[in-house]
Amino acid sequence: MTGLPVSTILLVTGFLLALIGLWGMLTHRNIMRIIICFTVFDTGLRLVMVATGYITAGTAPIIDRALTTAEAASRAIDPIPSALVVTAIVIGFAVTAVMLGFAIRLYAAKKTLSIDAFTESKW
Amino acid sequence: MLEFLLLLVCASILAAGVLAVCLKNLLAAMVAAGLASLFAAVSFLLLAAPDVAMAEAAIGSGLATFIFLYAIRKTGNGKDEAEKPEPKATGGRRVSAGKARGGA
Amino acid sequence: MMRHIVVALVVVLFGLIFARLIGSYVELSALRPLATQYVIEAPRDLGTPNIITGILITYRGFDTLGEVAVLFMVAASIGLLLKKDETKSTNAPTLAAKATGARRAAANTPAAKAAAARAASVAANRAASATPASAGTALAGAAASEADSAEAQAGEPSEIVRTGTDVLLPLIFTFGAYVIVNGHLSAGGGFQGGAIVASGAMLMLLARPGSRLNVALLSVIESFAGVLYVSLGIVGLIFAAGFLDPRFLPRGELGAFVSAGAIPLISALLGIKVGAELSVIIDRFRS
Amino acid sequence: MAEIIIQIAAVLIFFAILFAVIRLILGRTLVDRIVAIDALTVISLSLIALYAHVSGRFAYLDVALVYGLLSFLAVLAIARFLEKGL
């Protein structure tokens, strides 16, 4: 109906979301906002990675009554990007947690979250 | 029919991303980022990757939102911004700059 | 303004790179050779219906092990980052600042109680129960009892939340266990199930604000699961083809619950480890 | 018959997402936005169930279960945050 393949639509969406997150990350001065924009950026790149593994009219690579072993090779999607993205999601959460921990420490030290206030290591 | 739903979901992801970047209220921005993640999980399912959709819904959208809530509570920032009426709240940049001056 | 122009330039450059990538992309119509190999081999060789779990736990087992190590280090470093707040020497000046803030707010507003509550939310739990005048003297012995009473004042969860938690919590943990141990049959696995279990722990903390997770016990469980995980890998090295090879147990029938060699075992250990680590991270953020 | 019902369900989900997203973008207050997001999680749950039926894969329904659990939890956490009890 739309003419575009499913994965192309989601690839464009993912890249646009990553650009939005990048713009926000570079313009905001508040550390919490930078972290939020980082998660948006991360989500966009995950969309891109999963979209590159899609096969036209593919289905999930899980063998049950709906997908037999014989037809798996012709109907299943590429499982490698999916497996990598599961890893990437957990690591993204870990990175977000460390960033938030640093944000809390910085706030406790200076009572502000603006990156303009942290100038000790500037030269 | 499902193609239109897919396009709508993509538009919603982009709208949620723009809201997460632009909203003045820190809590609302955080919730909008969680919504972008939630719709991303739906589109992972439409890309036939249910494992990734499950991980994204549980971790990216659930646990990340929780620790963001705790961090906002600890930095005391969401509170200040949430209680302000909308017209009073200026951009995050100006608010933080003012605070920096006050702190210094 | 200069900054915005530079940022716009950077974003446009990234957009050009992305546009080139999109322009050269065509949707696949057949699997790549490596993926074909995995899709054909995994059910026959490992006996896992869910090929993604097979890749995560066996073919890319080292990645998963490294990822779990990263999670462990993150839990430890979060503890290091957020634990120091509790010691009094570093905390005394910040507490003084909070207390002065509370006093000022109380002086300005007629409704002293409401103002104290609002300032207390900024000053975390410590100064909340103390009256503004005595806040300064209470600083020296800023005590755990105060924190408790402050939490009690800060708004108890309602009856609906508590009852709903009692009803939902067993369901959530059961569902998490189901997702963990059915990782080789349908969508799910250690990471997803561990995240669901951690969400259940989160709900428990929400409904009972006074309670604490037993972090020491969770750390012991988590280390134990990690040791077992590595030793299962070494057993695979001895009795099967290589490290983390699950084929030292019988393969079983494709689609049965007890099948796929040691994959359900490894998945369960992974789920326990991830669930404990994520719960510890959440608890560190909470305290 | 079944196809007609699925078509109707798809149309209903389409308009539900559209209106909820409009409410989210306009959103007069913070609570409006949060309620819109809660509605959107429930709607996407139904979208997942519909897609599981259309594609004939019932393994997808597990994701809907995770959604149902998480939508409750996230809204509860935000509500507790707003009443300062987190």
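Every chain is named by a letter (A, B, C and D) in the order it is written, and numbering of its residues begins at 1.
Just so it is clear, a contact is a pair of C-beta atoms (placed from the backbone, for glycine too) under 8 Å apart; a residue touches a chain by one contact, two chains touch by 3 or more.
Model, not experiment: these values are computed from the prediction.
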Q. If you tally the C-beta contacts for C-D and for A-B, which one comes out higher?
A. A-B
Q.
Need the most distant chain from chain A, centre defined as the mean of C-alpha atoms.
A. D
Q: Express in whole angstrom the distance between the two chain centres, defined as the mean CA positions of chain C and chain D.
A: 23
Q | Interchain centroid distance [CA atoms averaged], chain A/chain B, Å | A | 13
Q: Calculate how many whole Å lie between the centre of chain B and the centre of chain D, each centre taken as the average of the chain's C-alpha atoms.
A: 16
Q. What parts of chain B, by residue number, touch at least two of the other chains?
A. 4, 46, 48-51, 53-55, 58-59, 62-63, 66-67, 70-74, 76
Q) Can you list the residues of chain C that touch 2 or more other chains? A) 50, 52, 121, 179, 186-189, 191-192, 196, 199, 202, 278, 281, 285
**Q.** Contacts with two or more other chains, residues of chain D listed in rising order
**A.** 55, 57, 59-60, 62-63, 66, 70, 73, 77, 86
Q: Make each chain a node and each touching pair an edge, then name the shape: line, ring, star, complete, other.
A: complete
Q) Which positions of chain C touch chain B when the two form their complex? A) 50, 52-53, 118, 121-122, 124, 179, 187-189, 191-192, 195-196, 198-199, 202, 278, 281-282, 285-286
Q.
Could you list, by residue number, the parts of chain D that touch chain C in their complex?
A. 59-60, 62-63, 65-66, 69-70, 72-73, 76-77, 80, 83-86
Q | Residue ranges of chain C touching chain D (in the complex, touch as defined) | A | 117, 121, 154-157, 161, 168, 172, 175, 179, 186-188, 192, 196, 199, 202-203, 206, 209
**Q.** chain B-facing residues of chain D, complex
**A.** 6-7, 10-11, 13-14, 17-18, 21, 24-25, 27, 29-30, 33-34, 37, 40-41, 44, 47-48, 51, 54-55, 57, 59-60, 62-63, 66-67, 70, 73-74, 77-78, 81-82, 86
**Q.** chain A residues touching chain B - in the complex, by the definition given at the top
**A.** 1-2, 6-7, 9-10, 12-13, 16-17, 20-21, 23-24, 27-30, 32-33, 35-37, 39-40, 43-44, 46-47, 50-51, 53-54, 58-60, 62, 77, 82-83, 85-86, 89-90, 92-93, 96-97, 100, 103-104, 107, 110-114, 116-117
